[in-house]
Amino acid sequence: MIQIDIQKRLGSEVQDIFLDINIEFAEEEFVVLYGKSGVGKTSILRMIAGLLKPDSGTIEIKNEKWFSSKGKINLKPQSRKVGMVFQDFALFPNMTVLENLKFALPKKSSSEIIEELVSLMEIKPFLNNYPNTLSGGQKQRVALARALVQKPEILLLDEPLSALDHEMRRKLQNYLQEIHRKYKLTTILVSHDVSEIVRLATKVFTLENGKVVKSGKPIEIFSNTKLSGKFQFVGEILEVQKQSFILIYTILVGNEIVKVFSENSEENIQVGDKVIVATKAFHPLIKKIG
Amino acid sequence: NSKPEKKELLVAVAANMQYAMKEIGEEFTKKTKIPVEYIVSSSGKLTAQITAGAPYDIFISANKKFPEALEKENKILGKQKTFAFGKLILWTKEDFKPSLEILSSDKVKKIALANPKTAPYGEAAKQVLQNLNLLGELKSKLVFGESVAQTNQFIDTKSATLGFTAFSTIHIPNKTEKGNWFLIPEKYYNPIEQTVVVLKGKKEKEAEQFYDFLSSDIAKEILKQNGYN
Amino acid sequence: MIDWNPLILTFKLALVTTIILFLIAIPIAYWLSVSKSKIKPIIETIISMPLVLPPTVIGFYLLLVFSPTNSFSIWLKETFDLQFVFSFEGLVLGSIIYSFPFMVHPIQSGFKTIPNSIIEAAYLLKKSKLETLLKVQLPFMKASLLTGIVLTFAHTIGEFGVVLMIGGNIPNQTKVASIMIYDEVEALQYDVANLYSIILFAITFVILLFVYIMNGKYSNKIVG
Amino acid sequence: MIQIDIQKRLGSEVQDIFLDINIEFAEEEFVVLYGKSGVGKTSILRMIAGLLKPDSGTIEIKNEKWFSSKGKINLKPQSRKVGMVFQDFALFPNMTVLENLKFALPKKSSSEIIEELVSLMEIKPFLNNYPNTLSGGQKQRVALARALVQKPEILLLDEPLSALDHEMRRKLQNYLQEIHRKYKLTTILVSHDVSEIVRLATKVFTLENGKVVKSGKPIEIFSNTKLSGKFQFVGEILEVQKQSFILIYTILVGNEIVKVFSENSEENIQVGDKVIVATKAFHPLIKKIG
Amino acid sequence: MIDWNPLILTFKLALVTTIILFLIAIPIAYWLSVSKSKIKPIIETIISMPLVLPPTVIGFYLLLVFSPTNSFSIWLKETFDLQFVFSFEGLVLGSIIYSFPFMVHPIQSGFKTIPNSIIEAAYLLKKSKLETLLKVQLPFMKASLLTGIVLTFAHTIGEFGVVLMIGGNIPNQTKVASIMIYDEVEALQYDVANLYSIILFAITFVILLFVYIMNGKYSNKIVG
């Protein structure tokens, strides 16, 4: 069981933020923190890692108290079995990529894991480069690899894939899921990407104004549109074409582009409008691809 | 890390005396087989060091004040002895004959002398100017070296037009450009006594030999050649 | 009876030296930090060299160079009315040369710590190199500037070898406190030396303490 | 007309990358560079801005040569009318947020634009904070605001919204579009987010192995699925529920979750499968929302 | 006839002083860079204070403190067989005290430039504070360390005031090259002084040049 119940006042005189977080989840869950920029997600990870001291409360991981304001317990970061990917990567500039990874390797461990991560994250070509010479996405991959080298019990990921292209992102999402299962990790992820969250999370905590306002399975949290009719989705109009009596709408649903043909054009729908597409009679053919 | 006991007699010598002392030392070693090493510095520094326990055996000072201070500290054996008198000259590297009259002329921009407070030759120079009633008039021309040695550098580099220094300066071996000098009549200043004391320590016997040797005829001859009385 | 003149002269010298050296050191350190020239290590080395010789010896060589009778000095005197021996200007020059490495090296290493991207950001905001230097780079490396300034200032107060040599210890003109204290020690006037030491110490202590307290306040603000 | 024809060898001994880019587009276009991590997108922006010198080629903007290896022309960054948002923000740490913005303001310009940006990007609460005390998303917003203060003719954006939550991201996308139109900017955006690209771009250049391999309108580039039938889309199965004879598939399409009811279950479709959903008979009802 | 002993002694002194001071300065500078203590500015100020007094005067005070006749010195001598006046140990002590600010200040400002997040990253990789210091922080602030080392090294070579006073200019034991050159200049033996100056200069030049060239190679590698 992971129990986090912490309070922390953040910010300056002008901008006053009071974090009051009380969350609980099982071991081996894949937890996501979701919320607006500046709501306190990074700060929560930092408090779990021991890099920021809560004003009060307790952090209890697997029956071990990592922090307790009453019990005056506050484990050092070194004594907490966490790995973390920082939002700003925090690579060691004086070490090459390979040295960064080797530095992370606990003494006496086999370096197999490094080889595995190197091939998976496709960082081999720049193994001997210094971080300064890497692109944003390359840095991010190295940062992720470095955090995984230690196979930490608790993995804290602060938007670990934000700088990556779609393909790499998908690949690493799968990998994160895989190691999460394989090594029985407890993972806490900060992400803004709904599709990523839905793919990976077993539990989502939504934060607002320093508090958890929603929690549950990702599907419950994000499928806000009530079902009415047999099929419906929400999208945005990208293009409207008229062909004789038929209107062809190009609609963006997430990252996918969908074309919808419609004969009735009661409403005045224009490019940029958010629309809901629904139908009662719908006989879909669903085919596996790829 | 105990150091091996030094064989040499350590002679602490005021800077202006160093050349004469080196020659005397050679003769001394020839005669007694006792090797001699010199610690050359200003009398003030040497006094402070000896007070603090420096392992020197003999102290040759440029005036009587410093040995007196050491006597108060109970550092010396026996009495201090004056074995020579220094002579003051006006010295220049420029192309004219220095004299006391010329000091006031426009030709002389800066006059170097050692700091009267710390250096006996400086004190003597000051007495000369006082006795000639020139101190006030020349005040703006005076520049002070920390010692006779530094005063010599002022003169030697022609930074100062001329200056007061020790007669021994122009007797320095292998000093080629001797420039022009003028020996200042001794009536204008108090005698510049060069004194010697034996310091308490591990080589008192050898030190006493050296102390006595300074009054020998050989030593006197060397001192004379180096511009002392 | 305390003679305040040497003390006043000392702080005037330290202030003037520090300011001039600060202004000279910045462009040099800047160049050193950006240059990829082959001769850069040579120049870096040369900058440290004044430290290697005893101050009095440097002073002696300066005397040779600036001796009033040589033609360079005559030219300086006639053209700029500048004379570097036995004058306050000489003290300043001597102190600048001797404290040069204390200002240049820390500033140079300060320049090296600035991330490239913030300089580039300033250029893209149409800021000239000068404006970027003044408003972005120098404030960023404040700790290093402070190091350079404090080392130079304190060192100039304590230095007396070069100063004694090129200045000639003239009361009210080139007789600074450090020489005065030195003289008193030489003359075995330890009481007087102690008194002046304490005064010099106390004033400098207050000045530097003030600087460090101000600096601490400012740094705390930025790192929050 | 903007014409960029540049060559540049990047990387180290081990990792050798040769950028050979030849792109052209009209003024006032909203151009996107798209491609894998490390392909050279940031480097291209840096060469346009004058921060990195191409090995050879020309950069010609509105009939003005900014760079020409033959003509030995290489304008300073200060002389190029560009604004840029850096991937790593590059805020001035010694200035507060407000001072950062004020520093960007050209002399004699009115500070109205600052007020506008401050309220739009919701950065008022931390105007007097130093950058070190900001969250990742807050920094990114300040960086974007700072680049916009100067209303540059050419705006270079390197993943300017990657650290932001969905809502803020949408809002700023709209704003980017708005100022792009209002001030007749030419904008070059690096982004990995297809929905963002489709929303904003008038032209996309896809990079691979240092070269442009595709270019065109975003819809052309990204709608890879050929139309067959009246309606179709691609998604991923998140959940399969069985209710008597009906199967309910929860499908993720981009960030949107769609529920599809199907009676025929010929295929063995499982959670995690990528599927194509198509239908011939489809009578959609399209309604504007929000 | 060149007497190499003072030269050897000089470089030995500079090396020993630099190494000891480096090891002492790192923990102090580290503490100063992380501490938010109220007394920090006071300590920062005190560190600069050795610079404020003329070297000979510092040497004089050291003589008083370590005079073999006082009970502290007797205790030192009996317990550790250490004697700080007129011995090589004394030269080292004097040089350390006098060069203290040159090592501590640059290193302190170096510590301040390290981004917090890379230190945190090391801690989270289960690295102890010591390992983080050695493998992450110190390599990061190499430019500042270099500044401290070069200033200390060069300064120790050139220093003679403290050394002369506390060392007593004893041949083979405390007579370093700077004192020797000083003596020769004082004795108007300019040729000899020039010769030794040039030798001292040349050796130091080569050493520092080597250091800077190595440093340049390394830095270029990192910034690519």
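In this document, chain identifiers A, B, C, D and E correspond to the written order of the chains, with residue numbering beginning at 1 in each.
The working rule: a residue touches a chain if its C-beta (ideal position, glycine included) is under 8 Å from a C-beta of that chain, and two chains touch if they have at least 3 such contacts.
Treat the numbers as computed from the prediction; the structure is a model and nothing was measured.
Within the contact network of the assembly, the step distance from chain A to chain B comes to 2.
Farthest chain from chain A (centres taken as the mean of C-alpha atoms): B.
By the count of C-beta pairs in contact, the leading chain pair is A-D. Spacing of chain B relative to chain E, judged by their CA centroids, is 35 angstrom. In this assembly, the C-alpha centroid of chain A lies 54 Å from the C-alpha centroid of chain C. Rounded to whole angstrom units, the spacing between the C-alpha centres of chain B and chain D is 85.
Multi-chain contact residues of chain D (touching two or more other chains): 12, 88, 129, 133. The set of chain C residues touching two or more other chains comprises 56, 60, 179, 182, 185, 224.
Of all residues in chain B, those that touch two or more other chains are 45, 48, 150, 153. Here the touching chains pair up as A-D, A-E, B-C, B-E, C-D, C-E. Note for the complex: chain B touches chain C at residues 42, 44-45, 47-48, 65-66, 69, 94, 109-110, 112, 115, 117-118, 142-146, 150, 153-154, 157-160.
Those residues of chain C lying in contact with chain B across their complex are 56, 60, 63-64, 66-70, 85-86, 164-165, 168-170, 179, 182-188. Every residue of chain C that touches chain E in the complex is listed here, in rising order: 36, 40-42, 44-46, 48-57, 60, 101-102, 105-106, 108-110, 112-113, 141, 143-144, 146-147, 150-151, 154-155, 157-161, 178-179, 181-182, 185, 193, 197, 200-201, 204-205, 208-209, 212-213, 215-216, 219-220. Of all the residues in chain B, the ones that touch chain E in their complex are 1-3, 10, 15, 18-19, 37, 39-41, 45, 48-49, 51-56, 147, 149-150, 152-153, 156, 169, 172, 175. Chain E contributes residues 115, 117-118, 120-128, 135-136, 139-140, 142, 221-224 to its touches with chain A in the complex.
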